[in-house]
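In the two assemblies presented below, chain A is common to both, partnered first by chain B and then by chain C.
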Partner chain A sequence: MSYVAIKGGADSIRASKRFFRDSICLAKGIGDDELQKGLIFSCDRIMSEGALYSEKLAAEAMRRTGGDLFEAAFYLRAHRSTCRRIGEAEPLNSSSMRVLRRISSAFKDIEGGQILGPSCDYVIRLFRVKIGDTPEFSAARSGKSGLPPILTGNDSTPSGVECLRRRDQIIVLENKEEKPFDVSRSFPLPPYPRSALMQVMSRGETGAMLAFSYTSMRGYGDVHPTIGDLRIGYLSVEFIHPFTGNKVKIGEIRATACESIGSFNSDPKDGKLRLATGFGFCIGFNETKAIAMSILDMAMHHKGYSIGGIDIATNPEIIMHHVDGIESSGFANHFKLPHYVTFQADLQVLEKAKEQTDE
Partner chain B sequence: MKRENNNFYLQQAEQDEINTLSQQIKCRANVQIIQQPTAQTLMLPIDDPVNQGTFYGGEVLVSSAIVQVNDVDGWAMVMDDTPVLALSIAILDAAYAAGVEQEAIAKLVQQGRQRHEQNLQNTQTEVAATKVSFDLM
Partner chain C sequence: MNSTTFAFIDEDAKKEIRRSLLKAVALPGYIVPFASREMPVARGWGTGGLQITLSIILERDVLKVIDQGCDASVNAVNIRDFITEVTGVKETVNTSEASIIQTRHRIPEHEFAKDEKQILVFQVPTPEVLTTVEPDTAKQKQMHANSDYAKLWVLLYEDTSQYGDSRISNRYPVLINDHYVMDPSPIPKYDIPRMDNSPVLQLFGAGREKRIYAIPPYTSVKPLKFDDREFKVESFSGISCERCGAQNVFFDEVRRETGNHYFCSDTEYCDQHLEKSNAS
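Let's turn to the complex of A and B:
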């Protein structure tokens, strides 16, 4: 395929941009707080898929795009590439999360307890019910719930899967990497390192991740997991103070983590039967994405979940190249650009083919 | 008071007061800006429970600055694109290490700590209300 440059149309392009800005100008009046705290799940999707945690820029991206999440994530991903990378934070472990919500569908009683947290799982999706009007919510918001506070903020809350791990009932995959691969600097060749697959999925587009994992759940694969541990909450970001050499807390980020448990498999390490697990993690609150990621992780790393070897979710080649929202939306949208010459060539080929068929 | 705690707690304190105090320190002490506050990114390595390895879960936007107050180094790294706050906290960090305005800095740190703990308390009250133990039928 070849591209042919076009020229002209500068005034119309300027007018189009102006028209776009005018159409969404009311967004300018929406403040950072309203967007960051009111539309938290949109902000979190933008940050997660843009692979950059910045609540300020997520809000700004939403204003500039009229709430188009694909475009907004594009803004963040583009901005990320313009910033100097100063280094790595200390590794983040989801068991040290200050949890707001933490559930397990595998075990009724888990260390630390089941915490429903802020969730719309129990909301009836009918407009006549208003969440903000329920008395329980208002009481808790105003700090008058009368319940004893639990201060587990700095405690470690182990995953619900941890008890199985301690009992040696979980497959621990071999770690073949000294340091994690970074797909934002170079793209790996197959067979893809696990860390590269996890990074790609962690910044993957929620809809794509869900759709691919759904293929396995529904029948084009064989993953039907039990959620061992699903949590949302805050993780501390720490860095080393350059002058004291000690750890310094920079701030906290919202995050979601999910460990799914699959059926038992033969452990490649010693051939014993153990349970397979998958891990999903993304910045921001996005349970659907974390669950989908854990399913894809399990499907790709345990071939027993493949049916006939032709399914989608078990294929790293498919997942690696098709879950990124910036790339896929960019490709889809490029079809809108002028293809006059290539299409004329298509028409000429059609005419020639017709001539030859007629002959 | 641990110097390393100041960076986080000062971000929770009243920002106008932090900026005012850093301006006062600029007037009273010799403040040199070694590195202007700039927005940078930090990679976020995530511990992977499946293979006990790590992977990158994304990046976080931070702002950092390096200064000297009376020849003592100070540094700050704060969340998001907030260069003014980064510079002010870096000045406070160096001033604290140099023994300049320590009492005023400690007061602001305390203010930030109290705000953070109050927020935690409020959140944990709401979290506690959602703790559940389902009964089997």
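Let's turn to the complex of A and C:
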């Protein structure tokens, strides 16, 4: 028996990396354009969960990981750690979004209109319908190739929930935070500020967010939301120019926002009955994640109807520590690392306990 | 990769981590939250230890990285390659030559220099010792503030009454400086007494859980145990390393059809011991 086998072998590790690069991950020939436009939802999940808006790096990450979204998002997060922060952008307001799609399931007719936009919601998922069978999107409305220009001419499209808010029918939670918490610069101790929870969720893993929110929709909780406003579109990012002090638009990002409406509850402000709402937001187009986030936000901040005694979605402790894909996937995979020492210790304890109990 | 930053992480992040470290050293055993940047190795693969090492490392440092006591294990190789690539520091397998030793699951067998100049950086999966008995962070914090470790004592009592001893084989709870109870990271019980009154600065980083804590040199570290019970570490009596013949160290057990084989868990210790026995 060779001693090298026990050591693991640095050479084997290096060979494994080459093997991966040369035989599993064969995406070198796929260009940025194909990945960014052809796999836009993968690209957006990577940017959102990787917490970095860069289509270029998202495409590169996809190529390097064989399209494993956990791994690809991880590349973006790791890259973030090398970048020094240069400042904070002006707050984004989702009502100023240039919407591409905007729907409300609460009202038939809403200010700004129901705009179905591009969506696969209405597609019949059958392979027998060929991609070329449906007529192309009117070329007259789409400027260049790819996504068409924006369908509404309005500068501002208020949320579908706004009409209820104006009539004082919505609970407006008191904001005790002077400025938003920043989870990427320090980590809060409980009780967690809402802004910190929102940030963690906004970069959370879509599947985890969906599963936790599904517990509340399905039975371990009471959130059966009505979607007050769900939109995808473009948001301008503005920055205060360091020399002139003026607001400057530095670019545009794709984003998704969702406001859902829950059941009514006694408003902590004055005890009157009003409707609870939750908000979800993420960069890129990802409606499932934004809806899930809005449900979790609502579940955590409007308690009181929970039945069954098992609370998952309502517990900030659960959401705060369990929705991040970089963390959970990393930890699940770390079990592949050697645990010889700890397992050895486990066995010794087992032997001793057996001696005791077998007596 | 951003090659302009020494040691990978941006300077603001390093500053934050160093501040957390200072607080941790000032309050031995106290868990300090920090933002925890993502590293290019996965969460759970030593990102906490890695961030500490990258924040404290200087050009003149000499680095040793081990995993399970071994310099050539997957995790150790990757982390060492990465750190030397982004810092250009000298690497070593020699414990006495290293100024920073990053480790997962073991403390090297060799004695450390008495001059307090060596730093031992532990990779930690579960920084909060109370997690086993209380998963809620808010309650954990309160329990530490009140020195309320009753639930740990109950666990120890229940295990002792049923199995004759605690079932905890690694990550054994330790009392630091007679104040906080702390998770020593998943080292075997064998290494616990070796933490006590040690001349090295022991730093602990949990990247995924975003926590840092520390034991300054020459601090008391005692395993949680009942007065009338002995703290039993793993026993390897009568066993010696098949390769170098060493005794009274922590062994890797290899099970084959031919029976159990034992080798030093600390491979560098094994190499040196072998060299010495060959020379004499």
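Simple rule for what comes next: the second predicted complex is superposed on the first by the 324 of 359 C-alpha atoms of A that agree within 3 Å, B and C clash if a C-alpha of one lies under 4 Å from a C-alpha of the other, contacts with A are read in each partner's own complex, and residues count from 1 in each chain.
Please note the rule applied: a residue touches a chain if its C-beta (ideal position, glycine included) is under 8 Å from a C-beta of that chain, and two chains touch if they have at least 3 such contacts.
Source: prediction; values computed, not measured.
**Student:** With both structures placed on chain A, which of the two partners, chain B or chain C, ends up touching more residues of chain A?
**Tutor:** B
**Student:** Give one of first, second, both or neither to describe whether A:Arg185 is in contact with chain B, with chain C, with both, or with none.
**Tutor:** In the superposition, A:Arg185 contacts chain C only.
**Student:** Does chain B (first) or chain C (second) touch A:Arg85, or do both, or does neither?
**Tutor:** Touch status of A:Arg85: both partners.
**Student:** When the two structures are overlaid on chain A, which partner does A:Glu317 contact: first (chain B), second (chain C), both, or neither?
**Tutor:** Only chain C; A:Glu317 stays clear of chain B.
**Student:** After superposition on the shared chain, which partner residues are touched by A:Gly29: those of chain B (first), chain C (second), both, or neither?
**Tutor:** After superposition on chain A, A:Gly29 lies in contact with neither partner.
**Student:** Could you tell me if A:Thr244 is touching chain B, chain C, both of them or neither one (first, second, both, neither)?
**Tutor:** First partner only.
**Student:** Return the residues of chain A at which the contacts from chain B and from chain C coincide.
**Tutor:** 80, 83-85, 184
**Student:** Touching chain B in the complex: which residues of chain A?
**Tutor:** Listed in rising order, the residues are 47-48, 51-57, 80, 83-94, 98-101, 108-109, 113-118, 136, 140-141, 143, 145, 147-153, 159, 161, 165, 172-175, 177, 179-182, 184, 194-196, 198-199, 202-203, 237, 239, 241-244, 246-251, 253, 255, 259, 277-279, 281-283, 297, 301.
**Student:** Under the stated contact criterion, what part of chain A meets chain C in this complex?
**Tutor:** Those in contact with chain C are residues 1, 3, 6-10, 13, 74, 77-85, 183-191, 317, 321, 326-327, 329-334, 337-342, 344-349, 352-353, 355-357.
**Student:** For the complex, which residues does chain C have touching chain A?
**Tutor:** Residues of chain C touching chain A: 1-2, 5, 8-13, 16, 33-40, 42-45, 47, 67-70, 72-75, 77-78, 104-106, 125, 135-138, 141, 162-170, 186-190, 208, 210, 232, 234-235, 243, 250-254, 256, 261, 263, 265, 267.
**Student:** Provide the residue numbers of chain B that touch chain A in the complex, in ascending order.
**Tutor:** Touch residues, chain B against chain A: 3-5, 7-8, 11, 38-62, 64, 66, 73-75, 77-82, 97, 120-134, 136.
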